[in-house]
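Have a look at these structures, which come just after this line.
In the two complexes that follow, chain A is the common piece, with chain B as its partner first and chain C second.
The block that comes next holds the complex of A and B.
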C-alpha cells in the first residue's frame, strides 16, 4: 500500500501558487496604509476585512454545512454590544478581556438558538434564523437603559492594543486598528481553512451534500450541524468585537434584517464554499456602499443592479469567475 | 444458530393504511434473505423502520438480543446496520473517493479532529483504497460522483453502505435501472458479500432473486404471506395468487 496512501489530487500542484497569492495579498494589505495615507481607503478596507470575516463565518454555515442564516449579523451585533458594554462599564482598558467576554457571550446565546434550529432543516432553519435575529434586534432596539436604544451605544473608550507588554497603539488610531483587524482576520481565515479541510470539515460537507445519507453512514447530523453553527457564530462574534473597536459605536440598525440581507449578498457575490470568496464579496459590497454613497444616497440601486447582473451571468459568484472565463475562451 | 436481527409484530400505520402489519422477520449472521412482494406491499417501509428512517407504530426490533426499536439512524449504523436506497442517495458534488472516505471516517471515528488534515486519518484512507480496488471503482476515484454513469453510481450507492463494515446490509432494489451485464456484476458482488455478512435484499428481478437467495420472505399488504427457500416459494400457491391473481 505504498502508492495508495496519497490522495490523487489534481489540485495539489496549484497549492503553492495559492499560498503565494494569499501571502502576497496579506503583505500588500499590510503595507497599504504605509504607502497611502488616505484615511478614507484605510477605513474602508478595515471595514471590508471585518465584514469579510462575518461573511466568511456565514460561508462556513451556508457554503459548507448547507444551512442558511438570514441574519448572521445578529451575532456580530451581540458580540459588539457586549464588548462595548464591558469596556464602558467594567474595565475601559481591558481589550482582550472585553473581546473574550463578547465572544463567550455570543456563544452562550448561539447555543440554545442553534439547538432549536438544527432540529429543523432547509427553509424552516432559515426562517428560524430570521425569527431569532429579529428578536435580538428588537431587544437591542427597545432596551434603552442598557443599549442606548435607537441612539446606539455611545461613549466607547479607546483601549490600547497590547500583547505581552508590546503596544501596537490605541483602537482610536486608524492605522493601529487596521493592522489589528488584518492580523486577526488573517488568523481566523487560516484557522477556518484548516478546520474546513479537516475530518470535521469533511463531515460538514457531507451534510451539505446529502443530509439523509450522512445520517445513514453514521453521522449524528444534528450534532455536527450544531457544531458548524457554533463555529459560524464564534467567528461572527470575533468580527463583532473588531467592529465595535473599529467604529467605537454600534446602533441597532447594524443588527437589522436589512443588514442581514447585506451579509448574505456579500457571500453570494463572492461565491459559496471557498472562504476567500466571502472576503472578495464583502469588499465589493462595501466598496459600492462606501464609494457610491459619496455620489448618491441611492447606492442600494447600484448594489441591486450588480447583484442582478451577477445572479444572471455569474451565478457561482466571484470564485466561479475563473471557470467561467475558461469556458468562455474555449466556447 | 442465534438470530442476528429479528422483529416482533412490527407495525407501521400511515393514516388508515397498515403499511407494515405485524411482521415477524428474522435473519442469521450471514446469508442472503430476499424480501419480495407486489408493488406497495410494504417492502421499503419495512426497511425504513428497521434502519431507523421512520419510527414504528408498534412492535419491536431486536439486534443481537438488544431492543433497537426507534433508535436514531446514526446509532444503528454504528452498530452495523447499513442500507442502500432505491433512488440513488450519494454525495453528488464530492469525488467517488471522498464519498467512500467520509463513510469510512464516520465508521472509524476521528470526525472531531478539527485541526488535522483529512489525510492524517491513515487507516481511513487505506481502507477506502482497498474498497475502491475491490469494487473496481479505482479508476473513477477522483471523478465527482454526479458525473458517473448511472450503473457506476448504483455500485457507489452499495459501496457507501459497505464502507461502514456492516453486520447486516439492507439493499433496496440495487439493480433498479441497470443493464443485464451490470446486474450480473452486482448480483455476484451481493452473493459474495452474503458469505461473510447478513444481506437483506429487496428486488423485482425474479431470476436474480431465485438464483442467489438463501431464503425468501414474501410480503403482501404489509403482512408476511410466505417464507422459505426459493424452491418452496416458487411452488407456494398463495404467492402465485398474490402475483398473478386468483385462478377461477
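The block that comes next holds the complex of A and C.
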C-alpha cells in the first residue's frame, strides 16, 4: 500500500543544499582542532556546543510547544551533579553508566514537575518553572554535605571515553572531550530534528498555535505537552552530563536564575523554532560573554538591555535575519 | 522570656508582618496583570529600587515617614518611563514575549542597583521612638514591627477606598472585567494600562521601604520577593484580590513557621505547597483566577 499522506506544517525533508551545509559544518568543526592548536578556541567551541545543546532543548519547549521555561539550566545542573556524584562516590571509571544515571535521574525529577506544570496555563507554567528552578537551586546551594554547597562539586575523576573497546582518550584531554561533545551534540541534533519533523512535532506545533483547537480535534494536550517537556529535560540532562565531563566542576551558580536568563537569551538570539538557531545563538552569546566580562563587571545591565532590545526589535533572532534581508532586497 | 506563649505571639505577629509585605507587592503585580494581562517580572526589582531609594532618602536626613511618601513617587516616575518606552509597544504581542521582556528589565534594574548602591547590604535608620520594644503577653516585641502592621493596614485600607469609592477606581475595576465596554464608553485604555502599571510600581516601592527595616537591604531582595509574590498570586488566583489576601496570610504563616523550625530549606516547603495547590486547584484557592 502506498498511502503517503502529507501532513500540513511539515517541511520537505530532503533538501540537498541543506544537507550539504550541515555535513560541511560538522566536518569543519571536526577538523578544526587538528588545524588550529589554540587550546582557548577549542574549549570555547566545546562550551558553545554544550550550551547549544541546552538551548536546543529549550527551543523544543519554547519554539515548538510554546511553553516557556525560565530555568532550564536547572535540569542541566541536576544531571551534572548526579553524574559527578556517581563518578566520585560509586565508580570513577564507568563513564557511560554515570551519564546514564544522570539522564535517568533528571527524567525522574522532571516527570512530577512536568505533571504539575502541564495542568496549568501558559503563564502559570512559566512561573512554575521559575519556582521549581529556584527550589532546585536552593537545595543544591544549602545541602552542603552532598553537593558541597557554595564551593561546588570538586575532585571529579577523569574517566576514559571508550566505546566497544575502542578508546578515544580521557575526559581531561581537551581534544578527546571536544570530539566526544561534537559527536554527541550532532547525534542529539539529528535525532531531535527527526522527532520534531515527525507527526509528533506537528502536534506540538498545533498545541503552540491554538491549544483549544488542538484539543477539539482529539489531541490529548496535556499528554503531548508532558512528552515535549520530557524530551526537553532529557536533552538538558545530556548537556548536563557533557558539561561536568568538560568542566570537571559544577557549582550552584550554574543553576541560578541569572544563568537561566542566559539560556533564554541564547534561544532568542538564535531565533525560535529552528533547532540549529539555538546553536548559533549559544555561540554568539558565549563569545560576547567572554568578550564583555573581561571589560566590565556590570554584565547584568548589558544582559538586560540586550534582551529588551531583542524582544522589541528582533523577535525572530538570527534565523529571521535572512527573511529581513530578503524583504529588504525586494524593496 | 515569655516561654511558649511568647513564641506563639512572636510567630503570629512576625507572620502577619511578612504576610502584609507579600500582600502589598503581590497586589501591585495583580493589579497590573488584571488590567493589562502583563506579568511584570521586574516587579521585584522595582520593590528593591523602592527600598534603596528609601535608604538614600533617610540617609540624607529625611524623616522615615517623609521617605515613605517620596520614594514611591520616584519609583512611580520610573515606572511611567518604563511603561511608555518598552511595555506599551508590546501590548499586542504574545504573552511569552512580554514575560521575556520584563525578565530582561529585571536584570537591567538589578544591574543598575548594583552599579549605583554596590553589593554590600544597607540598613534604614529608624526614628528614635520606633527603636524600643513593647511588652505583649510577656514577650518583648519591637515597636517598629507594630508600626509596620499599622502602615500595611493603612495602605490596604487606602487602596480599597481608592478602588471602591473613587471614579478612577471604578474605571479600573470595570476595565479588569470588560475592557472592551470601558473602551466603548470613551475611556482611553492606553491611559488605564499606564495608570495600572504606575499604581503597581508605587505599591512595590511602598512595600520596599516598609520591608527595609525588617530585613537588610541587599541586591538579592528583589528576586526573592518576586518569587514569593508569584507564589502568593498563583495560589490566590491570578487577578483575584481576595484570593491574594488569603494566600499572603497563608504563605507568610507557612514561611515564618518553616524558617523557625527548619531554617535552611524554608522556601522549599513554600514551593511544594504552591505545586500541590496548583495541581489540584489550578485557579487558586478561591477559584477566581484568570489564566490566559
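As a convention for this text, the second predicted complex is superposed on the first by the 295 of 331 C-alpha atoms of A that agree within 3 Å, B and C clash if a C-alpha of one lies under 4 Å from a C-alpha of the other, contacts with A are read in each partner's own complex, and residues count from 1 in each chain.
The criterion applied here is as follows: contacts are C-beta pairs under 8 Å (C-beta built on N, C-alpha and C of every residue); 3 or more make two chains touch, one makes a residue touch a chain.
Every value quoted in this text rests on a predicted model; they were computed, and no experiment measured them.
Enquirer: Once the structures are superposed on A, label A:200 by its partner contacts, choosing first (chain B), second (chain C), both or neither.
Expert: first
Enquirer: Have a look at where A:209 lands relative to chain B and chain C in the superposition and call it first, second, both or neither.
Expert: The first partner, chain B, only.
Enquirer: Please tell me which partner, chain B or chain C, touches more residues of chain A.
Expert: If we count touched residues of chain A for both partners, the winner is C.
Enquirer: Please work out whether A:68 is in contact with chain B alone, chain C alone, both, or neither, and reply first, second, both or neither.
Expert: A:68 sits against chain C, while chain B stays out of touch.
Enquirer: Which partner chains sit in contact with A:218 here, chain B, chain C, both or neither? Use first/second/both/neither.
Expert: So A:218 only meets chain B here.
Enquirer: With both complexes superposed on chain A, which partner does A:123 reach: first (chain B), second (chain C), both or neither?
Expert: In the superposed model, A:123 contacts chain C only, not chain B.
Enquirer: Using the touch definition from the top, say if A:174 reaches chain B (first), chain C (second), both or neither.
Expert: It touches nothing on chain B or chain C.
Enquirer: With the two complexes superposed on chain A, say which partner A:30 touches: chain B (first), chain C (second), both, or neither.
Expert: A:30: touches no partner chain.
Enquirer: Quick one: which bits of chain C touch chain A in the complex? Just the residue numbers, please.
Expert: Of all residues in chain C, those touching chain A are 39, 86, 89-90, 93, 95-97, 99-101, 103-112, 114-115, 223, 227, 230-231, 234, 238, 264-265, 267-268, 271-272, 274-275, 278-279, 282, 291-292.
Enquirer: Note which residues of chain A are touching chain C in the complex, please.
Expert: 62, 66, 68, 70, 113, 115-116, 119-124, 126-128, 130-132, 134-135, 138-139, 142, 257-258, 261, 264, 268, 298-308, 310-312, 315
Enquirer: Report the residues of chain B in contact with chain A in the complex, numbered from low to high.
Expert: 51, 53, 72-74, 77-78, 82-83, 85, 89-94, 97-98, 101-103, 105-107, 110-122, 125-126, 129, 133, 141-142, 160-161, 163-164
Enquirer: Using the touch definition from the top, list the residues of chain A that touch chain B in their complex.
Expert: 1, 4-10, 191, 194-195, 197-203, 205-206, 209-210, 212-221, 224
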